[in-house]
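Chain IDs A, B, C and D follow the sequence of writing; residue 1 opens each chain.
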Amino acid sequence: MIVLEVLLLAVLICCALATVLGRGLVSSVILFMSYSAVMSIIWFLLQSPDLAVTEAAVGAGVTSLLFFLTLRGIRGRKRRGEDEG
Amino acid sequence: MENIPFFSIMLPILSAVVIPFFSKGTWAFQWIRGVQLAVAAASAALLAFLCRAGTYVTYQLGHVPAPWGNQLRAGPLEAVLALSFSLVMVLCLTGGWSDLKRDMPAHRLGSFCLLMQLLYAALLAIVYTDDLFTAYVFVEILAVTACVAVAAKESGRSVVSAIRYLIFSCLGSGLILLGIALLYSITGHLLFSGLGETVAELQASGAYQLPLVVSALLMTLGLSVKSAQVPFHAWLPDAHASATTAASGVLSGLVLKGYLVILMKLMTRVFGRELMVSSHLCDLMFFLGLGGMLFASVSALRQEEVKRMIAYSSSAQISYIFLALGLGSTYGMTAACFQILAHAFTKPMIFLGAGAMIAETGGHYWGELRGAARKMPMGGLTFTVGGLSLCGIPLLAGFSAKFCLAGAALQAGWQMTPALFGLAASSVLNAMYYIPAILVIWGRHGSDTSPIRFTRPAHPQRAAALALLLAANLLLGTAFGPIRTLLEQGVALF
Amino acid sequence: MKDNPQWLERVIQWAAGQEQEGPEGPEDPERQEFQEYLEYIDAHGYMEFGAYRYMRRRERAALGLDAVTEAIHNPPHQPNPPKPQHRPRRRPGLLRRQLWVYRVLSVGVALCLAVIFTAVALSLPGFGETDVPALNEVAQRYLERGMEETGAVNAVTGLILEYRAFDTFGESAVLFAAAVSTALLLNAPGRRLRNYRGPDPVLSTLGRSLLPVILLFGVYVVVNGHLSPGGGFSGGAVLGAGLILASLVLGEEEMDRLLPQRTMSRATTLALLAYGLMKGYSFFTGANHLGGEIPKGTPGAILSGGLILPLNLCVGVIVACTMYTFYTLFLSREE
Amino acid sequence: MLEAILQQRYYITAVLLFTIGFVTLFLHPNLLKKIIGLNLMDTAVFLFLAAMGYVEGGVAPMLEEGQEWTAYINPVPGGLVLTGIVVAVSTTALFLALTQRLYRRYHSLNLDEILILARSGEEKH
């Protein structure tokens, strides 16, 4: 059990570092999604199902979606800008 | 009477929520102003009641008593703060309304009023709350609404400053949140009363000293980031300078003070002055304040834009409060409260006066504002009085605050000399940037020899707001004794 | 990190006051300007600082001194990595050094914080132990008498909607404030929604079959908030995600017809208002000891927990509508 | 030492994540990365709180009649985290909205670049 916990925590830190240090924005957001998913599993292990459900819906769902929408808007704009240029 | 704190939080929030049903921004404006005036009147009644009774009241939120449920707590000091915050809010909005209509498209005015009302509700909740986590939640409302108040003006620069403001705000919130988590993990309480008792026990038993001190440090740092104390003030000048006039006044006059109120509550009710002094946190605040007074004033000297200069001066004035709190005594607390009041009434006045002159001449820089006061005597007068007040001319609010602070410093130990030196030096620095500015605005423009125009003001509401702020400033300056007695009573019951 | 010795050397030289000649040396144009500026101040006295200086702007412009002060007023103290074309006055060498300082600074700050916080974490009460300070009489009452006092089986829901309901109210207000501000920032009058490009067959089929399940699950989580894990927030977030999926499957125009923005904001407002009034009633009667408690019902039944079920519904509506509002606002763009 | 670290594994992970998030929010020039940093920071504190509420052998606080209170975990941190998550989402949404506005105007996500662009256009209000 403790091995699983330590493993999950290590994955958490790795995800966080990769999110921050990675170059691509899209991959960062995807990594952030997986970070949220792992976090939600950990909260389930910590006997807080309320938090796990909320984090899965909010962190991995809505927040990441907002990130993607922002990225989409930005990339669409970039592409259009190139067309004009 | 005990219900007043509760209703003065609930009414603004509920009145803000119904604003989307108004179809016109002007109605929303009248509506929130009416609510604010009602709350101000109620706070005055509460103040009178508490002063006569010489006590504080607690208000249990819900059916469960204090250590389990949430509660509000109101003493004379809270009532004074609520009253003055309400008045300043009303006057700021009234005085800045004409600028607001110019700076913002009409369909946004309603939303802006809504956010301002939420900001006001959050301020009152912070003043009255007796719970650490509730304070955090309302701090977040304050941060969100204040940030949008900056960004609401349509310009790229205001959005850039808003995002910097938001970044610093989030950094501060993160530190505060971690501090709260640490504190909860070693005490198990969230209400200030319970926290205070447990912290005293912990300190007596010597357990968990490191987390305790680090949590106090984190919260102090977080709150000083949010209130733009000097090493963390990078966001302030841009945010205050690029916002619309009403927002600038509210931001520097009230929002910064909200965070300081929490800091004062933490100092007195949770950690206690002994811990703050013995862990050198008071010294930290003292030196931050001392450095801030000098550094922000020197930075203000170098600004060529009027609103930026005023914003730097705000940072310097906040440093006075930190210095006073850093003395770690009751006198220091009283001086800090006096400074909070004086600055809350003075800085919006200066911002509104400057805003009026900017609106009249269209220029933001000193070179363009030459002779502006001759065209806009009311704006020029309030700017002049405000500037002189901050320089420490007797009979004005700033002098009384400085006098109070000097009195507190004289009671202190080793802090006396540096505090008095800082006070003197920063007064001189204040004079060095306000007096040339005053000379500029009253100066003649080239060969222009026209006399000062005293015409009927174009915006009577703004003129009235400015006159009332002026009167409040004079009142704070002249009625020094009674107000200090009141504040001393309030601090004793805080 | 390869150029560490070189950097160190430069610092030593700088500290000794014998900085290298060359690209970073004395022919630095900014330094020259700074020298000139200092001489200028010496010549004109201290009043040249502050407001007085700007009265004589024109005069200085005639003397060609404005460019100099400009350099001082935008001092290079900020570690910016700008593109050269924006600021041709900056030279790449300086920039690289600043970037480097920036990175060293971030690593340094991170290490310091990590060390301090780890020390704190090690001195905290042990993880999972039963005699930690946080398990005191406060938590005990929530767990022991929570069911009779709130009528909710789920202690967390009972906690946030009864004992600490004021926080929750504030937090709904934060969400409301964020939604209003996002609308204020992104909702330009001439905006239009993204063109609907026709449903993607995979997404559409999968979505159509998943959609009812998700919406039903969201409603279930909201309604059962006092009985099982979940509640207004989690359920509202799930519902919001469901609405977003609906918008993806059905297309924005269809969605805009079914649930226009106006309805959404009205629903949020009304839900928040209802929440405030209900909780205000409960706070008011509780504080003044007026009685007037809502019957709690049998714990475990769906219609139990007094106000908790309607409160959960309100919170669910607020959260779901706000999430969907965020989505539509982020999707729309002014053309 | 190692035992202590293993014992406090959740707390240590939480403070490390907090540090990563804090430094990213403070020093990373890219706005989107800053927002991710903000979220990392907030979730780290939530992890800290959730771990603090845990009691060895305790179960989720779905109350049952006749059960000792020590059989459950502490519900208070859970409540705080639920509130905190929603606050964090609100801040994130506002932050993203501001970012989009800035991008529309300056076509960049790099805050330093935006600052320079904004400063060069500062003379005109």
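The rule we apply is simple: a contact is a pair of C-beta atoms (placed from the backbone, for glycine too) under 8 Å apart; a residue touches a chain by one contact, two chains touch by 3 or more.
What you are looking at is a predicted structure, and each value in this text was computed from that prediction instead of being measured.
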Identify the chains adjacent to both chain A and chain D in the sense defined at the top. C
What chain is most central when centres are computed from CA atoms? C
Most remote chain w.r.t. Chain D, using mean C-alpha positions, is B
Just how far, in Å, is the C-alpha centre of chain C from the one of chain B? 23
How far is the middle of chain C from the middle of chain D, if each middle is the mean of its Cα atoms, in Å? 9
As a quick test, compute the distance in whole Å between the mean CA positions of chain B and chain D. 27
How big is the gap, in whole Å, between where the Cα atoms of chain A centre and where those of chain C centre? 15
Residues of chain B that touch two or more other chains: which are they? 133, 137, 140, 144, 147-148, 151, 184-185
Which residues belonging to chain C are in contact with no fewer than two other chains? 117, 120, 124, 132, 134-135, 138-139, 142, 154, 156, 164, 167, 171, 174, 177-178, 181, 185, 229, 231, 233, 326, 330, 333
For chain D, residue numbers touching 2 or more other chains are 9-10, 16, 18, 20-22, 26, 28, 51-54, 60, 76-78, 82-83, 85-87, 89-91, 93-94, 96, 98-101, 104, 115
Chain pairs in mutual contact under the definition given at the outset: A-C, A-D, B-C, B-D, C-D
For the complex, give me every residue of chain B touching chain C. 2-3, 6, 10, 13-14, 17-18, 20-21, 59-64, 67-70, 105, 107-108, 111-112, 114-115, 118, 121-122, 125, 131, 133-134, 137-138, 140-141, 144-145, 147-148, 151-152, 182, 184-189, 194, 198, 208, 210-211, 214, 301-302, 304, 309, 365-367, 370, 432-433, 436-437, 439-440, 443
In the complex of these two chains, what residues of chain D are touching chain B? 18, 21-22, 25-26, 31, 34, 38, 41-42, 45, 48-49, 52, 76-77, 80, 83-84, 87, 90-91, 94-95, 98-99, 101-102, 105-106, 111, 114-115, 118, 121-122, 125
Chain C residues touching chain B - in the complex, by the definition given at the top: 47, 49-55, 57-58, 73, 116-117, 119-120, 123-125, 132-139, 141-142, 149, 162-167, 169-171, 173-174, 176-178, 180-181, 183-185, 189, 265-266, 269, 272-273, 276-277, 280, 282-288, 293
What residues on chain C touch chain A, complex-wise? 154, 156-157, 221, 229-231, 233-234, 237-238, 240-241, 244, 323, 326-327, 330-331, 333
Seen from chain D, its contact residues with chain A in the complex are 6, 9-10, 13, 16-17, 20-21, 24, 28, 30, 32-33, 35-37, 39-40, 43, 46-47, 50-51, 53-54, 58-60, 73, 78, 81-82, 85-86, 89, 92-93, 96, 99-100, 103-104, 107, 109
